[in-house]
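Here's the structure we're looking at; comments come further down.
Lettered A, B, C, D, E, F, G and H in written order, each chain numbered from 1.
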């Protein structure tokens, strides 16, 4: 092969926040070999590992390579991996970050948000399958909603759930549209536009499927400054 | 003026249904003189009058011309006018058509739907200002929802209300997106896409701001055939 | 594999209506194993099975697993499977649901609508290959059109067929745009926009390719309440 | 006013065909003074005058200036004016150009096409208000359709009429989408996309509202070469 | 006039937050009479007044009506008016809300944000005309950036400023795209898409021109709960 | 496999013209088995065969099945196959159909047009690789352009070639945008919009990549009626 | 009026280049009073004046205020005004900037480019009305094209002219799409996309109607550094 | 196989400039065999070889075929190959072409630009990973920026980097949007629109991912004419 031997990838500095946040491996578009090489370097240095958007091939490779390292965790779908740096200090926060999910199909994005939020130092809680076509399930969990310091709402299709949540609580609400849907609502644009035009005041929105970004935004709000 | 004197407008046949439905004056793009001339002809024949999308100028002119005719009604915003044909038979229906509106700004479209539905022979009820950011108002009216034969839900912005209503009842639900909103949700497309992608099964949708069309669709469902 | 053993999928509650309607397996995005596991659980409980959007792999797996169960039916294209719950009561309806299809390529969506409508308890009839470029075939079937309680019209390309049907009958017409087409009409948007802007009054529209949704909407209209 | 006195406008050469076709004044974006000055120059030279897209102000001005010239004609809406060059030779053609219009609101575009086609030397016939929601009117005129050498079909909303016409005849069919419609079909894009994706083979399409262009295309087909 | 005398407008409840936040008059689409009537009612009750998106006519009328009331303030452009309820308690906050503006043309949106944020109880600071084509001005104000509890960044055109700000600080950053621009960047979509796709992690976005929404979101973050 | 044995495909009637035109197999979306079965039936009946949009698999299968039939022809790229019905009458035409192609990458669409035009009975000529960035090649072929009865111009990217050709000749010009291009001009929309907005009067346009449709349109113009 | 007396506008620093370029008054969105006040300040300081996108009202006001100042020039349409700073040094350049315009309607944008390029210190030449539907006019001016140091090509509709020019010369070509056109090519997007997808290598593009930006880009190329 | 033996591909003349520039193999859409055959012919003639957009298969094939030819170079990613014609004269230029890249993911486009610019005869320098979320890295390289004769800025996501660079220097800046990003910024449109709407004056833009085009544009500026 004529390809020169160059450093094929850099650790994705520009996704990392500046103060006490871990470096992040954004898996999309990286080969399994690249993901493994970066992860081994991070773990070798004793740093916190957070890897998102892992392809099935990448997670197999990562599992073979660092799967037995102490404290490594995977999200339910295996798309996100996390391991806290040994001895990393506990961050003080305003309270729990609550991740609310509309439908089963939105869960992979919610899991990316959840593990990312934990990697950034937040306590995380989840509320699942509380879409607006069956309101009673959401209303039955009002206490959990009111206890959260920040709420991330993950929804595809018509993207209506953040409006309902935003109408029930006064805490910050970050809406994550997902690319779930088909036909005229394919790709997440219906959800994105709906969330931007919400009738509930003070919602904010991140890019489609950007669970990581929502977790980073929640951390900007929730983490107390390092003393 | 060099314009030849032609018959400037036809009564809008292709918006009229075929069986027992009134002819309709679709006001958009017609001059006040045109609207008045058609309305006078309809009333002179003793037919049912329904005029929609009237401009302020057209409704002034119409008011001066046929305003004192017995039984003429206007919607709250004066954009729609209706007068039943004297002696027109009462239609048998499955029950009331309920028109549910999310916000104040959606009311003109809801009024077009309401008066059109009455003109087609339906009993009409309304539920207003029950947007999803304040769910308790909708939930407090669950009885009215359950009593309806057909529900028309009018909403702009994120267009979430039909999903919630569709999750609460089993009757037919017709969603009308409105062009209310600004920025990324301007023009009604966010609401339209949201309604098409709803997570509640069996919703149907009409064009943006098409209160008349929703009423016509409700009538196709609700009117029992003429004996 | 590092994936934790979680309940990988839930039965898609939010696609199910609330009163007497079956639970539905929405196959898109589910693995064959997931589809089979849910189907076996439903059949084990003696409930009605309806599975839509099955991939070729999923239908092979489903066929091996529950293919010999009594009363299991497949649509022509094998994308939809249905089995009535043994002893499930017959629903009273207003009449037949007629599914009208413009072209051969629209048939998979029409089949999803047909089997779904039957699963919900409707008698179903079909009229195929009656696109607007050959009107005589549609006009020759006028009697079938007039006998229907609800008509579902499935069409891609320019989406003109619902307008023509809507001009011929007074019953409810539900238009389903399909993603058939290429170039400027790819993806179903030309058909969707055409149906929303139809010159025939009182048409309603569901999402692109949403045969299931059209059947659910027809059932909201056609099923008489359980006594 | 600081504006220098320059030649404010040129006669719109690049809308004129090369062989025996008149120069055309495209009125959109021109002031009444500009339109009048060009028209007077054309008539002074004894050339054929064709002026399209005239604003109300421009047609008043034009009427005052050249309104009494022998043989000047206006379309019904006064947006197009035409006067044959005195002594201009009659062109040999393949037959009549038939202009078919879906709805009343599409007539201004149809009139632009009609007068333009006559200005180019074609015999012109018209068929109006034959939209697809009332098929019987179109079918009743099948003879006129079959006699045409070229058919121009003008339609807005869902743009379905050209497909139906194209299925009935073998002559060339030129489809003109119009900007008639509102909401999701506003601006003519639904009609344009529908016509491009027609299921009838061999239709061709021109730009939205481009009645002039359709007439020019019809003339390229219909005019026999000058001997 | 045939319009019935109805209550023409409701105070826009669904833009108000639930705990201690003022009611808001959203001026867009309201007549001057409507704005004045609502404002007088609010002031008569001794409540906090916040009126946004005032037309020139509405602000003239409002100025004549309540202009001399003690403590009434206007934003620089007169589009937003604010008066604290006499004796309204001071809210405890995390710190100042900083509003950063890219260009002069973005100022009206920034002013809506500024006065809204003050009305909600936040101390507000501003940094103006620090667009990315002249970085030195932004970098010279780094101290002000680092002192803010929440930063709202208002930018049109390419919408690049929030990315730069987000890279400099760890506090929450709320990006507001504005409709400033022309041609391919008209209407604010270029700025909106740019902000959603920012390479700086943890930015959140509100609708185009939604200064009010950004202030409401900042308040959800910044206000400490009422004791 | 649970799929019922149904007639899997119909011969695509609605792409066939009504008078003397062959039936057409539109290969896109059909399996090789389906294409072969239809082709064998057509050849068995002694009819004219025209098959377009053949996948590599379909053309292999078709070649094995009917490849040795007398008179079968393939386009250069093997995507289109044609065999005249033995003894089919020669059609009288106005003259040659000329197919002009901008770039090498547009050739597959041009070939579909060429073989289709021949199948419909037209003499066909071609002019290749005469894009507007090298005008001299086009200008050197002016004689061929002037001799054509109908010109089909196939171009992707900016779609400028039809405007140039339309400015050189008076014959009918049918523009075919192709999906050649990438980035902002991907998918053929830049070419389509450019052709619709051409400054040359009287161009008409067909759908993106629709070489077949352009040939059908040319045939509507060029074929003289059967005596 | 309740508006506070603030400095209503800043001189638009971020449209000015850094080295020896004049400050620019971007007139769009500014009141006549604002334009005049800034212009008087600039002229009072003895600086170079360049004012673009002037409304009719603004140019009347500007004419009354500074119209008699020595050396003030207006573009043909009065939308742009320019006055060199007295004693401003002549800039050395690579040669003439040639501005090529497709149609009459594109001239206002070309004039903005021409006067801006002169204000920046470039010798400017123009070639007008050389659209691609009449190639001979462009080809007759080949010498002027070959002599230019930089060519700015201004075109609306299909935007084909830059491709043709780019194929004739080796100098830098800057393409300016204009918002000329209607229907599917309205707003300049067809021209913009066409220019971005040009088959001529090495063209660059600026925003729709951005004559000023093209002149600034040409100046970056053409001006030799100040000694 | 029934495909006739034709010359399967032409060397892509219309991507080559006219004076002293090499012919270019545009790899996208060509088979490995086609790429190899053209490359061998070019090298056999002793001409300069430049091949872009090579698929992994094409570069393997090309490496096997001409990989050992003296002086052949590959870009880091193997998508572009280049070999100067032996004895080809050195071109005189204005100075170095600097290629600035925002993020790691934009590098393949930057490499296409770099090798193309070298193939056209320019000295090339690069500045990598200097995205706007970490400004200090860009500011630390100000000297390199100021020394460049032409700057090509390659950026995806929000496309903000060219605005920042354009504000720092007076040399020509060519912006290349890349298709890097996902969700609402997928496909490069956010970056493209942002670059077109930049607040820095005089930026020009090429198509998404068009590194080759940017290099060709830079060469039009930078190469001095052959003596």
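By our rule, a residue touches a chain if its C-beta (ideal position, glycine included) is under 8 Å from a C-beta of that chain, and two chains touch if they have at least 3 such contacts.
Predicted model, so just to flag it, every value in this text is computed and none were measured.
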item	value
Chains touching both chain E and chain G	H
Contact distance in steps, from chain B to chain E	1
Count of contact steps on the shortest path from chain D to chain G	1
Repeat of interface E-G, chosen from G-H, A-B or B-E - more than half of residue-number contact pairs shared	B-E
Rounded Å distance, chain B centre to chain C centre (Cα mean)	29
Between chain B and chain G, centroid-to-centroid distance (C-alpha), Å	50
Euclidean distance of C-alpha centroids - chain E vs chain H, Å	44
Chain F residues counted as touching two or more neighbouring chains	14, 103, 131, 133-134, 167, 183-185, 189, 192, 196-197, 199-200, 207-208
Pairs of chains in contact (touch as defined earlier), listed by label	A-B, A-C, A-E, A-H, B-C, B-D, B-E, C-D, C-F, D-F, D-G, E-G, E-H, F-G, F-H, G-H
Interfacial residue positions of chain H with respect to chain E in the complex	102-103, 131-135, 139, 156-160, 163-164, 166-168, 181, 183-185, 189-200
Interfacial residue positions of chain B with respect to chain C in the complex	14-19, 24, 167, 170-174, 192, 196-197, 199-208, 212-213, 216-217, 219-221, 225
Contact set on chain C toward chain A in their complex	1-4, 6, 9-10, 12-14, 28-29, 177, 179, 188-189, 192, 207-210
Residue ranges of chain C touching chain F (in the complex, touch as defined)	59-60, 63, 67, 72, 74, 76-78, 81, 103-105, 129, 131, 133-134, 182-185
